[in-house]
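These are the structures in question, set out in turn.
There are two complexes below, and they share subunit A, which is joined by subunit B in the first and by subunit C in the second.
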Partner chain A sequence: MNLQVVGAMVRLRLLRTVRDRGGLVWLIVMPMVFSYMMGMLMGDWSNGTPPKRRVTVFDQDRGPAVERLLAPLRAHERFEVVVVDSAATDARARALTDNGSATAVLRIPAGFSAAMAGGAKVDLQLTVDGNRLSSQTARSVIDRSLLRMNTEQAARSLVAAPGTEPARDGAAAFDEKAFAASWDQPRVRLRASTLGRLQTQDWGLTRSAQHVGPAYVLFFMLMFMMVSAKDLVQERHDRTLARLVISRAGAVDLVAGYFLGGMAVGLVQGAILLGMNALAFGLDYGDSPAALVAVVVLFAAFASSASILLGTLARTGPQADGLGSGLTMALGAIGGLWWPLEVVPSFMQAIGKALPTGQAITVFHGLVGRGWGLAETLPMLAGLALWFVAVFALAAARLRRQVSA
Partner chain B sequence: MTRAWVFARRDLKRMAADRRALVVNVALPLALTAVMGLSFGGGVFGKKGISAIPVAIVAEDVPESMRTRLLEGLEKSGFFAPVWADSLAADTLVRNGKVAAALVLPDDPLTAFFRADSLVVEVWKDPSSDIKAGIVEEIVGRGVLRVQAGEAAFRALWPDDYMTIGADSLGLDGLLEGDVTDIWTRLRDPGQTAARERAFDFLVRQFDHQVALQRALQGAAAGLAVADKVPTGQEEQRETSLFDYFLPSFAVFFLMFAVAAGARDLHRERARRTLQRQLLGPGPAWPIVVGKWIASVAQGLVMLSVLLGVGALLFRVNLGPDPWTLPIVIVLTCTAAAGFFLALALLVSREKVLDNLCTAVILVSGMIGGNFLPVDNLPPWAAGAGRYVFNYWANLSFSRVIGGNEGLSGIATPLLVLAGASLVLLVVILVLFNARVKRGGWA
Partner chain C sequence: MIEVRDLVKKYGSHKAVDGVTFSVARGELFGLLGPNGAGKTTTIGVLSTLLHADGGQVRIGGHDVAAGAKEVRRLIGVVPQEIALYTDLTARDNLMFWGRLHGLGGAALGKRVEELLVMADLVDAARRKVETYSGGMQRRLNLVAGLIHEPEVLFLDEPTVGIDAQARSRILELIAQLGRQGLTVIYTTHYLEEAEQLCDRIGVIDRGRLVALGDKESLISQIGDADLIRLSLPADRHEAFRAAGAGWPGCTGIGERRGKLEVRTPDGGRLLPVIQEWLRANDLPLEQLEIERPNLETLYLTLTGRGLREDAP
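Moving on, here comes the complex of A and B:
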């Protein structure tokens, strides 16, 4: 192997990438913009406290029980309660929720306060949008408040009338203070915790800061490599490869030059994007730099090999472009770069985790969430290495054949 | 107009003959759509959505009979795939991602419950399984809330029984071991101690109170009827899934790439000098660009129809309440898309610039226009900005028709916007093309 030729090819590839301003936009700017905007869309990375969501209440009861019911909602920092003294149809409530005027609409019929005082049962109507977290939270708060009122009313119904002996399953009195104390400080409690590196309640990989960042770094590394396959197609068409072989370069040198050049671009891009994500968005990649480096290097190696393979398979530049974009999107979608694999059925999870994208993002999840190191990530890293070897072997064989022909 | 059709037919023939373009514009989106369908859609491929959640149950001191019943109940619910584990094993299972969460009951929970000791039910969550672990936490939380409500009522009604449990606690030791028969036999044992007798009386009282309380709670004073965002009435029979959103939104996303590729054709023809030769022909110049517009629209129509048709056939995606609403949305989406990308093509000088511009515009408008997140779920800033891109209105129309089963009257506003945008953009491309021809910009 002629190291001088290989080195020159790598240097040229890097120089050409740096000098192409349009390319730089795709290399660095768009991935960051995309990560930031997807992060914003998914809910975090926004500055300051989130705006209060409106819960519209159509109150036809206007009794004392309504205020008790709404008190927890009013006290909640995420909600603004707007009470309207009129009725609303199902369609109106749905429209208010759908058009975003309200995150939830509660309709309280006349007779609610009477029902809470032992009168006939009534049904409240709550219109929500289960796709919105704020809507679900409003539902939980209202549900809890109504449960408290229903429980209190039900318990009071067991109290014997004044001056009479309570029945065997009845009670002499209802201790309001004991009820409030027990409700506020329950004996049976739920404690939820996240196991792993970051044992905080609100942490999870569906949070953009932890999933979207690494996922889009991998996605754009692969995308950039795949769409640059058209350069190889162009060089084949221009007979640049043939001319190189006539000079000093052998087929092995060309394979090595193309592969290492692509890998160098991928590594530079990956390092810059991971660094910028860490600096700009405070992303944290775990406690194992060795595993982090291993996954980025192996992924860049795979992407570079895949780019050469595509460049040897495609007949025209636009074909390489289209196939490259399509394959990147397919690998990104199935491998869990677009959405976490946990939301898809188990057979799709198995397929996703077998792909290089799935293996790489699983390593990132393990590093960030579970504090994994090289030992724990070894199966996925081995899988990535296997993909790299297989794709590289195919790509090298095809490129050598085309160069020799 | 005849010349415009001739140009359009020529472009369409060329597109149909280009098998590689067909692969990129139809086969790849179709493959990706199938991936999404398999991930979210169900349809003829069976069960959809999140599969049974693997959960570890840690309840080391719970009697065997109760364990079995708990496991059976969780398995039968279909939501969970429970496994029994001790706390160490559960911790390892969660940390390795083998289960989404572990439900950890406190030591000797029954005795602690009857002794009025504090009880903490724990949920250990896998950091990589935020959604599934969140579902477990939500369900357990609801159960605990019901217990808390019952506790509060019990304390308020029978404070003496509640407070004296501790004094009688000795009688409970070992009483709750084994299954119901064992407990009953122990309670009925004639040789039992005084403490056991007190325990028996206590448990009977507890039982009476709990039954009375449960009966009272069943007749709740007020119910809460929750209407979530699913179709009502007749439409309740229809299954909905995330695929109802993903299919049209990704179809629109791919449509933008395909139509942008068609718009690039204008620059390619200029580079090959075929455009200049067409301009030298007799008659006005506008049929050339209108022909391109018609070809792009036709290409988009085929693409969207194939994708939505396959979605309906394989994944039972709803095609709307009537046979005309969805086709109208498809047509207006294609006319707006074709106009938009041809206008972009006429604004830039070179194919490479157009290439980069189109990809950037597609990605950004995809984000703010609801191609990656449902339009209804976009944050206000994105929804506000999204109103200025055509795909926002297309996505809104598709989601209302496919997700909400709404007819033309329900999507009048987005359809009017799409129709208006299509018309304005068509006029813009005619004006821009003619101006460029007059200036000699295509020479």
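Moving on, here comes the complex of A and C:
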């Protein structure tokens, strides 16, 4: 491979991208505008301090443990706790969440405080709106608060258990059986029911920006690559490609030059947009830079290959434009870039997750919302790599055929 | 420098080039003349290694274009008929890119780019995007881009298509300058006057076949120094004119093209009074009567029965 030729082609691609001011709008500005707009449309404000979401509490206990349970929720910056002093029914809770006036409704039955003091066991009833990401956060905060109270209750019962002898080092002897019994059968349990279609247990995201930020980075990376397929068609028509062929560039150099040129643009675009999402919307991409780099590199490689393939298939510029836009829309919508795959029926989820867009956004969801490391992302990265290899092989074969006499 | 023997190139069953043979000496400016679709661009395509020949042999600088394409590409520069440039970039950006692609770099590349900008008279416009250039400026840049690596042979495929007379004149001047510098040039055109003005030798191509080859004088001598007298007559008088003309002294043939009668004669000045007399005697008006001296157009017409500006069927 002639590195000077490949380098010249990569440099040319970057130069043409930078010189095209109209293109820069689609490259950088539009993705940020879309992220901002979609962040609003999906229910959570993506920037700065989000407005507080209401959690309505029907307190039928009115005991001292209620405030301890609710304290973490009250302290949370995203929630406003409204305690309603009346008997509630499931129908009432559903009505409150259905009409949007509450993110979650918590019913604390009479006997809750007594249960925490060692009395009869009770269940708390939590109703959440599955279509609102904030409801998942409310649930996890209540879960955590309850876990703490149950653990304290178990600890107290252990300390108070008759026959326990202080250990030599001063710590109380630990009765594993008694602890296990308290742990397995807590005094108070949280029973949650979800409204709407978003009935996933591992959603993990707490803000719409965590979806729309990476989703629109991927969408516009693909879109920019696909619509630039028309450049290759143009180069074929105006004989620029012929001029490239009779230079010192061999077929392999040209394939590498086109591929790496596209990839370079995709990587620069991806890096800028991810950086801007982090700065503007406070996105945290998790603790695995390797997985983050891998998904962006593989997706850029796939997008660049797809662009070349389209450029070699389309006969005219407008045809490349139309096909490129259409394919990007389809891959974006079905692959879960427009909306999370969790909100679509399961068979569509399966299709979406098999697509390169679905695999890439699943990796991002894992990184930003589920604390995934490189190991958890490997299956999706492998799928994405397969897509890239398959599309690149087709694109390279077609381009080689076109640049060979 | 260039040897072409029995070159054949087919597209399906259609022979775009059919047994073409010619050679071009080092430093020669060779014209390939023919109408659109005659096979000029296909011939250039094979010579420049872009197309595989289906038959025959082409050697450039001693290298076979099929077996030694890499070596041939080092020797040649190609200026396509289309503006094969990145019009969203500046002239300088374009030349720098093509230079790098040919292995140039550093100060040598910068110097070469400046030379070519001067040659194309584009120094003042070098920082403007090519898409803002006039047609003539784009053509000049297209031409010098083919020279960036200082090739020994330059293929120019109709480099003046679609530009005005003034811009064409500047391009022709530029090509003549290259010829004087000793560059070997193959120049395709369907503009007769360009071939006559520029080329040392000319090959006339029609329907993929080379129908004539030589310098301008030798080509014209092939049609026997015939003058051509054209006149318009009512269609019902054509037969009578042909019958009369057969007996006129010096009339070597009467043809018809686009509704006009064409009379061939070695000396138009002597036959003209005879024709005028016949017109008066037959009470016909003397309208649209002209004499054409022999030239390449006449030659082409004689050889193919069609004008140069007519597309090949």
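Everything below uses one rule, namely that the second predicted complex is superposed on the first by the 242 of 405 C-alpha atoms of A that agree within 3 Å, B and C clash if a C-alpha of one lies under 4 Å from a C-alpha of the other, contacts with A are read in each partner's own complex, and residues count from 1 in each chain.
Rule of thumb we're sticking to: a contact is a pair of C-beta atoms (placed from the backbone, for glycine too) under 8 Å apart; a residue touches a chain by one contact, two chains touch by 3 or more.
As the structure is a computational prediction, the values presented were derived from the model and not from experiment.
The larger set of touched subunit A residues comes from B, when the choice is between subunit B and subunit C. When the shared chain is aligned, no partner comes close enough to touch A:Leu273: not subunit B, not subunit C.
In the superposed model, A:Ala385 makes contact with neither subunit B nor subunit C. Touch criterion met: A:Leu244 reaches subunit C, while subunit B stays clear of it.
Contacts of A:Thr127 after superposition: subunit B is touched, whereas subunit C is not reached.
Contacts of A:Val233 after superposition on the shared chain: neither subunit B nor subunit C is touched. By the touch criterion defined above, A:Glu342 lies against subunit B but remains apart from subunit C after alignment on the C-alpha atoms of chain A. Within the complex, the subunit A residues that touch subunit B are 22, 25-26, 30, 33-34, 37-38, 40-43, 46, 51, 90, 93-94, 97-98, 100, 112, 115-116, 118-119, 121-132, 139, 142-144, 146-155, 157-159, 168-171, 173-176, 178-179, 181-183, 186-198, 203-207, 315-316, 318-319, 322-323, 325-326, 329-330, 333-334, 338-340, 342-348, 365-366, 369-370. Taken together, the subunit A residues at the contact with subunit C in this complex read 4-5, 7-9, 11-12, 15-16, 19-20, 237-240, 242-249, 405. Against subunit A, the residues of subunit B that register as touching in their complex are 20-21, 23-25, 28-29, 31-32, 35-36, 38-40, 47-51, 91, 94-97, 100, 113, 116-134, 137, 140-141, 144-153, 155-159, 208-209, 211-213, 216-217, 219-229, 232, 242, 257, 261, 352-353, 356, 359-360, 363-364, 367-368, 372-374, 376-383. Against subunit A, in their complex, subunit C makes its touches with residues 48-52, 69, 73-74, 76, 78, 80-86, 88-89, 93, 97-98, 100-103, 105, 129, 145-146, 149.
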